[in-house]
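Consider the two complexes below, in which chain A is the common component and chain B and chain C are the respective partners.
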Partner chain A sequence: MLSIKNLQARIEEKEILKGINLDIKPGEVHAIMGPNGSGKSTLASVLAGRSDYEVTGGEVEFNGKDLLELSPEDRSREGLFLAFQYPIEIPGVSTTNFIKTAVNEVRKYKGQDPMDAVEFLKKMKEKMKLVEIDQSLLTRSLNEGFSGGEKKRNEIFQMAMLEPSLAILDETDSGLDIDALRIVAEGVNKLRDGNRSFLVITHYQRLLDYIVPDYVHVLYKGKIVKSGGKELALELEEKGYDFIKEELGESVEA
Partner chain B sequence: MSDVKELIKNKIEATPFSGNGSLQALLKTGLQVLEQEGIPTVKHEEWKYTRIASVLNKNYHYAVEKTGVSKTDVDVVRLPGYESANELVFVNGVYHAELSKILSPKDELDILTLSEAVKTDYKAIVDKHLGHSAQYHKDGINAMNNVLAYEGLFISVKKNKKLSNPVYCYYINDARSAKILSQPRTLIHVGANAEVFFVEEEITLGTDDSFINRIAEIVVEDNAQLHIYKIQNEDSHSNCVKTTHIRQIGVSKVNSVTLTLNGGMIRNNLNFILEAPGCESHMYGLYCVKGETHIDNHTIVDNVQPNSFSNELYKGIIDEKATAVFNGKIFVRQDAQKTNAYQSNKNVLLSNEATVNTKPQLEIFADDVKCSHGCTVGRLDEEALFYLRARGVGEKAAKALLLYAFAGEILDKIELEPIRKYAEEIIAERLDFDL
Partner chain C sequence: MSEMLTTLEQTALSEYKYGWVTNIEADEAPPGLSEDIVRFISAKKNEPEWMLEWRLKAFRQWQKMEVPRWSNVSYPDVDFQAIKYYSAPKQKKVLNSLDEVDPELRATFEKLGISLDEQKRLSGVAVDAVIDSVSVATTFKTQLAEMGIIFCSMSEAIQEHPELIKKWLGSVVPVTDNFYSALNSAVFSDGSFCYIPKGVKCPMELSTYFRINAAGTGQFERTLIVAEEGSYVSYLEGCTAPQRDENQLHAAVVEIVALDNAEVKYSTVQNWYPGDKEGKGGIYNFVTKRGICSGINSKISWTQVETGSAVTWKYPSVILKGDNSVGEFYSVAVTNNHQQADTGTKMIHLGKNTKSRIVSKGISAGFSHNSYRGLVKVAPNAVNARNFSQCDSLLLGDKCGAHTFPYIEVKNNTAQVEHEATTSKIGEDQIFYCNQRGLDTETAVALIINGFAKEVMNQLPMEFAVEAQKLLAISLEGSVG
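After this line comes the complex of A and B, so read on.
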């Protein structure tokens, strides 16, 4: 599904990703953890095609295609979804209208006819339940004046509408209280169907109590320095990131 | 310039107009100002970015008597919703009753020439309000129109009448066989408790150069509501200076929306004089221009009495080599305590050659007021664009979606449905947005 080989990327003159290797198979949930500044969000941005980052080496194959060659919209149309850490507020565009445009652009790409209004509404109602999002929120301007929890629920709602094969959650837990976190995580869990894969990027283990990963990777200074099962997340929670540094033979004070 | 002055002089000589009334007084002072001030150059602070002299310096004809404009020509320029609208047709600056269509009864809407109006009970209103805009525009452009104001039209919206038929005004310049200069003039009186919608459009027929120098002076009485919409969508050889001078002399509410899409050099002067305590004024503008169109919006809000509220929002999308000017003045006089005045001008530049000059100007002489102003000039928000693209929306469609949303805030302010729909259509088309 997704195969990352020796991926290197920089922003302006700063090297951030220094050779990432990662394989995700259909239906798997991978978590990437790491201290601030380790390159977690950069990885998410590079995979989604944000132009601020320059890929300086490596390859990414996604469902048999060279992902790095695709425009951001084509990556999305091919089934990649990035849930933003900071969803953008767009005044004047309602979520409903926007998601309708997005769904139909994806359908067009796949050679399908636009979804008719009845079908679209039915699908929307169904997916709204998934993340306990209210219709009134969706008729308002996209994310404008939404609370942190509402923004993140809106991201998961959009994910549900677009039905990606791989969803990247970029620090979806940031800024959420425990109730909002639970709702968002439950929404994600309902979208786990054995085929859809997830890449969950997080700083804290907390989210992984709800979205239980198959694999956990620790990203540090632009490289995956340790991989393991879900128990690795608990170990990190208990010992902090310092134990990784110790294992790498770095001075903890540094 | 001398050509234009000459033209007007000849015109006055050909139509002797003597007497001592307010029209004659306006003519005389107009001539004086025209002589003293001349046509403004870029050295004139108010005309710094708009080279009006270069556009006026052409061999225009001032031909009001003979026009070949027919009803079929008018059919082409009609705006949506015209079936239920009063339609006033001006050709080369002068009102043509035979081309116009008045649906509202005379006890709701009364229309007569200014020279007729001064012979009726309307005389007091004309004497008091005609030419008031000259106090705010001491230049040859305003003066030029004053000289010819006797050819203008008086429109009375009767008190206590809420007009179910809007008033559409078409200002047609017939430039099919010559360069045309026209100077339409209107004085509109909106009586107490009345409500009316005005929609104004300038149209040039033919391909020759055209210049419309138009003044509308509007008086709004107690408890009246005025909605005034302008649509500017002309060819590049059509130029205009449009002065809309609104005196709110009673506690009243006015909504103004100005849309600009195409044209040569366009200058809009929009003045709100809030002369009664507790007035409410809304001024919205959207200029969505490309090519070499030059759009200059000069606005004035003069708060004379206390407790008034004004809100101004002008938005611009400027592409190719187009230029935009925004100058928003707010005066708060000493007596105008508790004034709330807000102003905002937001611009998106779509090309490296597009230009915008924006200048807010606040002069506050009262000490207990709330005023704010702000302006932004920028590119399309890259973050928002990426967000939309990351959800599968193509780059072109994403840009169109963002721009249309930016424009939509202004379009939503149009309360006359057929006009709002029409505005949405032409703006969507301009922005390549799929409605």
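After this line comes the complex of A and C, so read on.
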């Protein structure tokens, strides 16, 4: 469903992605780990179509379409969702209003009529329960004054509402307390339906205890340098990134 | 008798002087302003002598006044002798179908969600049987008349209700208040008069929209609203559909009087032609709007959505004379391309326990400039006056400007005056976030600015608010991305 071939991208003359290869099949969960600054968020942004990044090479196929040809909004409408590492605030616009607009934009793209109010409310209720988010949060301005954890939970709620075919979660676990982490992970698990795929970016093996990945990849200096099963995450947790560097023949200070 | 002769003599003399024969049959006055022209206008409207005198006095004052230059706008000087001050309200050219309407205009109508019948009415297509705005208006008029409410054109009011006009016209905005109010007083074309008798709560929004002869009165409009004791009215002016006008200068005057326990809510949407992308053409809108809360516990609330005009100069104000009276000003002003707006309010606290609230939201895009200018004045006797002002500016792009000029004059130490101001930009990260959720950039901008302006939009009557929301988005089209 997602096939990335030799993807290269830069920002302001700085090469960040230096040839990424990754294949994700329907229903699979892939985890990406890697040190700070290795390019994880950059990969997520490039897939979502952020214009600050210039794609300098490679191809990305998403559900049979050339992803890089699509505008950011069309990528979303085609079923790509990004849960942001740092969700932004929109004063004066409630989450409810925002997500309603989003849901209807996607429907319009698919040639469907806007969702009627009753149906929409029903869906909201259902998804609110799924991610255990409080109604009062959804009537407030989008992310404005939300705690770090509330923002992340709101991202997962939006994901649940939009029902994407591929969800990229960029460090959705950071900033969450233990209960919130479990709730978010359970929310994600409930959305795993054998078809929907996930690309989970995280620093912590802990999340992967809850969301068990099919594959784990290590991104380092703009390249995927190692891939494996979920045990790779455990190994990383234990040894840190040094053993990867050693494998790559880089010198490691004691 | 001798007085009349002098007038005649004068007329004769000045005719000679200006080489122009007053022809009462003419549909149009030649360009320029003189006593003759003022007489001509008054005669055309068949006005009583006192009204003519009032106009002439205003004209003589105006001649002694100078164009104000303190605002933060710049535009070429207006040649007041090049303007025509009277032309008979023209029947718009009647079109046979909407197909004959400018496609650009139609596209805007569509985006605003204006009904087909309404589109026809606005663009001058002959409307067929079903919805005839004239009959709609008449139906309302009868209903209102039964309650003692007077809602008619200013010309009609001068003829039918001279005692009320004599009493209230110019009582809030004195003729000599400023250059443009003096000009308006001398040459005003028409406008609305609204009178709500004691204890009557007007059951519907009064709107110029329903008034038959609203068309063609734009240039020097004159509006007067009087709310007697314990009455209430919500008045709506303007129209969200784009309005084009050949007259470049607009100088309207609006006066509101609220007596004991009365409340007046005045909402405007101003969407005059703003000029093209290069800043050519467009209307200069210099308006004087003022209300007086002359009675105890009275309240006047101004809500405005300003999106049009090349240059806007407008400060709806409230004089809080009655004890416990309340003044409010809610404003959204959008400027794009080369538009300039200098707008704000004045809250003059005279009575005890008076309160005022100012919420101003300025949105600037393109090369435009948007200034908020506000004055909060607390007089020595205004014990316990309260004011809260919130002025927020939102910038789209980095070639536009937002400016805030709050003036505060407090002469009583029991007063509490609070002022908050913020400036923010629509961030690319905000837009991208919206894009990522399936919103295109236009929709994203619309959503963000409507969120920004929400507090003001919430003040508008429901049916107006929806259109106004769309209007904000349309005004900023193409300004991002």
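Everything that follows uses one rule, which is that the second predicted complex is superposed on the first by the 253 of 254 C-alpha atoms of A that agree within 3 Å, B and C clash if a C-alpha of one lies under 4 Å from a C-alpha of the other, contacts with A are read in each partner's own complex, and residues count from 1 in each chain.
As a working rule, a residue touches a chain if its C-beta (ideal position, glycine included) is under 8 Å from a C-beta of that chain, and two chains touch if they have at least 3 such contacts.
Bear in mind the structure is a predicted one, so any value in this text is a computation, not a measurement.
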In the superposition on chain A, see if there is space for chain B and chain C together, and answer fit or clash.
clash
Quick check on the superposed pair: does A:245 touch chain B, chain C, both, or neither? Answer first, second, both or neither.
neither
Which segment, 1-9, 19-27, 73-81 or 127-135, is the chain C region that clashes with chain B in the superposed model?
73-81
Return the residues of chain A at which the contacts from chain B and from chain C coincide.
48-51, 71-73, 75-77, 81-82, 84, 87-88, 90-93, 98-99, 101-102, 105-106, 109, 141, 158, 162
Provide the residue numbers of chain C that touch chain A in the complex, in ascending order.
427-430, 432-441, 443, 447-448, 450-455
If we count contacts the way the header does, which residues on chain A are in touch with chain B in the complex?
48-51, 71-73, 75-77, 81-82, 84, 87-88, 90-93, 98-99, 101-103, 105-106, 109, 141, 158, 162
Touching residues of chain B toward chain A in the complex: what are they?
381, 383-384, 386-395, 397-398, 401-402, 404-406, 408-409
Note: in the complex, chain A contacts chain C through residues 48-52, 71-73, 75-77, 81-82, 84, 87-88, 90-93, 97-99, 101-102, 105-106, 109, 141, 158, 162
